[in-house]
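One structure is given here, and the rest of the page talks about it.
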Amino acid sequence: MSGEKHAHPAAEPLPGRVLEQTGVDVARCYQCGKCSAGCPLAAEMDYPPSQIMHLLQLAGEFPEFAEMALRSHTAWLCLTCEICYCRCPMELDIPKVMDALRHEALRKKKVNPKAKDILAFHRAFLDSVKHTGRLFEMGQVVDYKLRSGHFLQDLLQAPWMFLVGKLHLLPERVRDRRQLKRIFARTLKARENRP
Amino acid sequence: MKTGFYPGCSMKGSAREYSESLLAVARVLGRELPEVPDWNCCGATAAHNLDHDLALALPARILAAAEKKGMDEVLVPCAACYSRLKVTRHELLEDEKLRQRISGLVEADYRGSAKVVNIIEWLAAVPDLEKLVKKPFQRKVACYYGCLLVRPAGIVEFDRPEEPQSMDLLMAKLGAKPIDWAFKTECCGAGFSVSRTDLVAKLSGLILEDAVSRGAEAVIVACPMCHLNLDLRRPNIEKRAGKKYDIPVIYITQVLGLAMGLPPKKLGLQRHKVAVKFAPAESPVPGVSAKRGA
Amino acid sequence: MARIGVFICHCGENISATVDVVKVAAEAARIPGVAHSVEYKYMCSDPGQQLVKNAIKEKNLTGVVVAACSPRMHEPTFRRACAEAGLNPFLCEMANIREHCSWVHEKGEATTQKALDIVRTLVAKVKKNKALEPIKVPVTKTALVLGGGIAGIQAALDIANSGHKVILVEQAPSIGGHMSQLSETFPTLDCSQCILTPRMVEVAQHPNITLHSYSELESLDGFIGNFKARIRRKARGLDEKLCTGCGLCMQKCPTRKIPSEFDAGLGLRPAIYVPFPQAVPNKPVIDREHCTYYRTGKCRLCEKVCPTQAIRFGQEDEIVEAEVGAVVVATGFDIKHGDFFPEYGYGKHQDVIDGLQFERLASASGPTLGEIRRPSDGKVPETVVFIACAGSRDPAKGIEYCSKICCMYTAKHAMLYRHKVHHGKPYVFYMDIRAGGKMYEEFVRRAMEEDGVQYVRGRVSRVYERNGRLVVKGVDTLLGARPLEIEADLVVLATAGVANAGAEELAQKLHVSYDAHKFYAEAHPKLRPVETNTAGIFLAGACQAPKDIPESVAQSTARRRRFILPASAASSARAPAPTRPSRRRSSAAATGRWSRPWPRSTRACARAAAPAWPSAAPNRSTSRASPTRRSMPRFWPCWNEVNAMADFNPKIVAFVCNWCTYAGADLTGTSRMKYAPQVSIVRFPCTGRIDFMLLLKAFAGGADGIIVSGCHPNDCHYSSGNFHARRRWVVFRGLMDFLGIDVRRVQFSWVSAAEGAKWAQLVNETTDRIRRLGPFADYQRLRGQGVG
Amino acid sequence: MQALRSKARELLATKTVQVIIGYASGGGGRARAVFVREAAKADALVFDDSCQQNLAVYFSKPEVRKLGKAALVATPAALRAILQLAAENQIAEGELLALAVGGDDVVPLATFAAIEAHVAARDGDWSAAEKEELQKYEAMGLEERRRFWEEQFSRCLKCYACRAACPLCYCTRCTVECNQPQWIPVPAHDLGNLEWNVMRAMHLAGRCVDCGDCGRACPVNIPLHLLNRRLIREVFTVFGSRSGRSAKGDNALSTFKPNDPEDFIQ
């Protein structure tokens, strides 16, 4: 086992990569379940947080568990409300682990299909930021609708928001947009292109 | 002490009234709030969901700009932006290598000299705030902190993560009667406003239900996202719950403005989805659309 | 003039097959001071022992070296034989030429030479040995027991019943401790008071027991057998001799609404009070903080109604001095209080209570007379949620340990609740059920099977109040970690067991050590679990760690045995400590300012840099292990020639600890593993005892390399000797390097008693390395001028 | 200097202390220790750059203690020595008043807490010159270093001036005087000199407050303080503790952490 690890550093098992990226040692989790008990969306998740932690604990030896964690809907449902981290008796930063899982799933193209809308929203959001430096709400919502296909959702809200002055038709822009493009090029884009 | 102001994207758009009320109040307090020069979006949930470095680089660029301008602290009224900026500062100051890498990304040597301050901290530091109160806001209010003002406790180091009190104390100064309720720090659904409206309706519904059942007349917030979910998404909440909620959701700065006797319109109260009106003694605040829904 | 007898054993062929024993005997006879040298087939047999005894008498020997097996094997045998022949047993040493020589080296001249070297070494040591006598310590046959809970009561009665005097000190107005607060006890569900109160009365009436209740230890000085205790008897505000305990004062006292400590804050008491009706002694105390007279200067109603005029408002604390031979510390534990659990609303909602409060609710003598009624409105709760591990096993709350008793008492609480409220619904949220103990697992099963207690596996995230009920947000991790919500009327938290608030202060008065959680530390967790590191001070009950009643009682009784042994003699005989702490007085000792229990006569600089004898050591008989102070320079072969590089056989001295590495090297022998013969083993009690000066002296004596080895961290026989040694080695290596001495010449290692193979490997590798480094000529050049 | 003198006068006149241990001009541009017991003689006190000796050394002497409560003119190193002596229970709270000097200012520090704060506020790293001095020897090869020290120690006279000058060498009977057995040979020869100096450095490891008086006291100019300094760095980098910073707590070598580094142990 350990010999293999040294032979293929890229094949470091998932728990090790999580430790490296987040500093969270999943072995410390003793499965008390307090995170799942307090998680606002545990009931919607395929694997509540404590189960994700357990999947990660076993993922080193059982690749199928690593797969289950990566393809979970949970990672995308996590709201980063931090209540699990706040109450965890072992002080494990579970939201950070969820971040790491999302990044890994994106890179390996293993995003749970149910998370399509959430991902579309995030991408639309960042696209807006990439181009203007700030969030252009109108543009983003349109972009999101195109990506998600939910054309009719919220259609009735928009005119009202426009009326009360909450929606602008033109984006606000950052002056140094080239720099932002560089930041995006060196982070998100570079990462997504990496095998 | 030079304080910079980071409005964040929503305060320029959907949460315009938060910005309007803050600036109106600041004017009365005699505080100048210059914006952080050429600020960009903090990246919000989307950035840290998709890329770690990006999630740090975007806030780092903001903080570096504030630093360069010689700002000692940056006021970040949006709780979500506050969290991103605070987390970034914490992580970069903890890890020298990371600080160098991100500094490289944002093409500035970020040092961490500017502190990140939230709206409650900023207001709590104003001396004799109660002396400025002209019309005490004599309402039973549910102070809603949400997630990101108080968590993760080790990083934000503001108030206590369970049963926080700072906003309640501030409201009491303004003459309000903060109620003891159970959902002060529960999550409203945050970044799912658009992508998972169903979940927002569920979580925000629980919050309204608890506030209303304990006799609150208004929910006080310090976060545009919370406001969006609790106010703009009210139709979705009501649809899911199968009942009507009339309770208005008011920004902390709007309450302060009202207590100071500023005109409601200057505070942007007319922009709310749910009319800011109180039964029965007080008449509806003028200038607010009485029509509900759309 | 020394007259040493050397006795070489063949051990059948175990030794003689590889070592030329005849030659060793002949060579040994030529060692200066050796008056007699013989070999024999089986030295440990009766005829062999007789050889030794006869020689002692006939040749008038002043010391004996038996060259045979490991001292761990037959040292007691030969020492007894010497004693029978009239020679002080501590003048007899074993030269281990079997495990450390004949079994681990090939047959040949080098092996024979090594055997001879070992004999020489031990001859040199015996010459320096002194006749030691067991240390007699006159003993005060009185025990001081601190703490009047069940552990202290049991210890006091056991010692008193075996005929010794006991002084029992309890800080509360009555003895009884936490056990008196309990309703019923697991796993039998018998009434706590019914078992305890007769014992309390027995304490009060026992002719051998002096009870000081409402008292505290002021100071303790002296040493085992001869402690001087000063006890502060706090002013009760009445004359105990006159008070009859009629209780009139308590009935008339106008200040009545003080939360009762005994009822864990659920009941009320007056300002003059006994904690509970069965209190021993049944004499009230005046609570000066709340008493109207002390606060306002008016009232004195109790004084007026007292039929015996016993009230004394002006009474002051009194200091009692006592001489005691031993101290039993039984100061017990507390449970964690306060608002350390905001997510559970503990300290905020009245109906979120702790385990002790539930005991009082369930107790027939409690504030509700045994009916389970919740504190907020007195309603009988329909649903009760019990939360285990509330604070325990929770590093985030600062307590990583398991409090041990909660699983059992939570099961008991749930059962008691069901017995009292038949239609009630008890839920227990738990992480693991730890029910190891006689009839314990059966008890928990009974709660689940017979009493219908619902066990839910998972931790609760939050408890909050809604419409007068408590919403418990939990989870069932066995059902896919699904969150579940229970509306309860009462929530009982099994909060963590913690050390008493005054534990640290008391430990400092007693000079006993304590752990990070302020629980008192035993001398050795396995072998000396009831003693502290300070001789004559023993531990009982939960001051050591959370414990249940049977365990506390068993341990208290064990303590009695430890006490009676020394107390039954006029003086206690203690094994002589061969390395007596220096009697030289340093300025520190002279000014009496050592505040901590460091050896009082050790010099300050030695305290920092020289090995501290692990504090337990003076109790042990290890006469072999004493080279440091008395006879250091000749403890290993003193090589006189410097080897030429060509056929360089490095000389290596191994300083090893007696408990792990020496035994490990023995195991190498019994496993017949072979290693290089150039190593010479010197035995110490502990690596903590190996002074850096010894390493220098070994180099000065011609060594080319040194091995220092002892127990692995945490395995130290004296708890921390090797930890201290490790720090000194770090510094020593730094200094050596700075002085231009190659640190590779000193190899440090941990070798346990089970690591025979590691020992062989260590010796071989070190030998190879030293061989490559070559002779330590630089140092040996210095030595030309300096061997003293 | 005037501030120092007037403070000394005041302390003696009000009988706050019975003696001031300070510096006086000693001729030849050097300072010497002086014990001022009368207010009238306070003008003997001086303080300038020549005042380098760590006066805390006198406080361990019984004859000085007999003089009564003392005020000590204290350089930063002397303050550290006081804290270290307190940590070793050699000075009790209130037995000594430290007069922290530096520039023209004099700050009376009556409590250990005050001394701790004063020391902490001015605590710093070694100067570049000091670091360089240590690095010079560390940069040498092992053999070169050995020869250097052998040459240095060959001059040692075993006069024990280093011991006498050290405020932490307060034992009433030193190991070097023990002759049952004789740990350190009495005559001055290479082996015994090495052993003595190793022992001195080891017994001060984790306790030395880095005043440098041992090196200054040496009549044959052996840079003894380098040995101590090397160990100060070792103790600080490995165990993270520095002596003379707190009046409480254990010396680095009389305590331990279960997870102390042990990569050198096989």
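As written, the chain order gives the labels A, B, C and D, with residue 1 at the start of each chain.
The rule is simple: a residue touches a chain if its C-beta (ideal position, glycine included) is under 8 Å from a C-beta of that chain, and two chains touch if they have at least 3 such contacts.
Predicted model only: the values in this text are computed from it and were never measured.
K.L.:
When C-D is set beside A-C, which has more C-beta pairs in contact?
P.N.:
C-D
K.L.:
Report the inter-centroid distance (CA atoms only) between chain C and chain D in whole Å.
P.N.:
Chain C and chain D have C-alpha centres separated by 38 Å.
K.L.:
Taking each chain's centre as the mean position of its Cα atoms, how many Å separate chain A from chain C?
P.N.:
Each chain's C-alpha centroid was found; their separation is 51 Å.
K.L.:
How many angstrom between the C-alpha centroids of chain C and chain B?
P.N.:
Averaging C-alpha atoms per chain gives centres 55 Å apart.
K.L.:
Could you tell me which residues belong to chain D and also touch two or more other chains?
P.N.:
Within chain D, no residue touches at least two other chains.
K.L.:
Do you know which chain B residues sit against two or more other chains?
P.N.:
162
K.L.:
Which residues belonging to chain C are in contact with no fewer than two other chains?
P.N.:
343
K.L.:
All pairs of touching chains, please: list them by chain label.
P.N.:
A-B, A-C, B-C, C-D
K.L.:
How about chain C: which of its residues touch chain B in the complex?
P.N.:
It is residues 342-343, 348, 464-467, 471 of chain C that touch chain B.
K.L.:
Quick one: in the complex, what on chain D touches chain C?
P.N.:
Those in contact with chain C are residues 60, 62, 88-90, 92, 137-138, 140, 142-150, 168-175, 180-183, 185, 189-192, 194-195, 198-199, 201-207, 226-227, 230-231, 234-235, 238-239, 251-258, 260-262, 264-266.
K.L.:
For a test of understanding, state which residues of chain B touch chain C in their complex under the given definition.
P.N.:
Touch residues, chain B against chain C: 160, 162-163, 182, 210, 213.
K.L.:
Which of the residues in chain C end up touching chain A in this complex?
P.N.:
Per the stated touch rule, the residues are 343, 389, 393-397, 431, 457-462, 473-477, 480-483.
K.L.:
Where on chain B does chain A make contact in their complex?
P.N.:
9-10, 12-16, 38-41, 43-55, 57-58, 61, 105-107, 147-148, 151-153, 161-162, 185-187, 189-192, 194-197, 199, 203, 232, 270-271, 273, 289, 294
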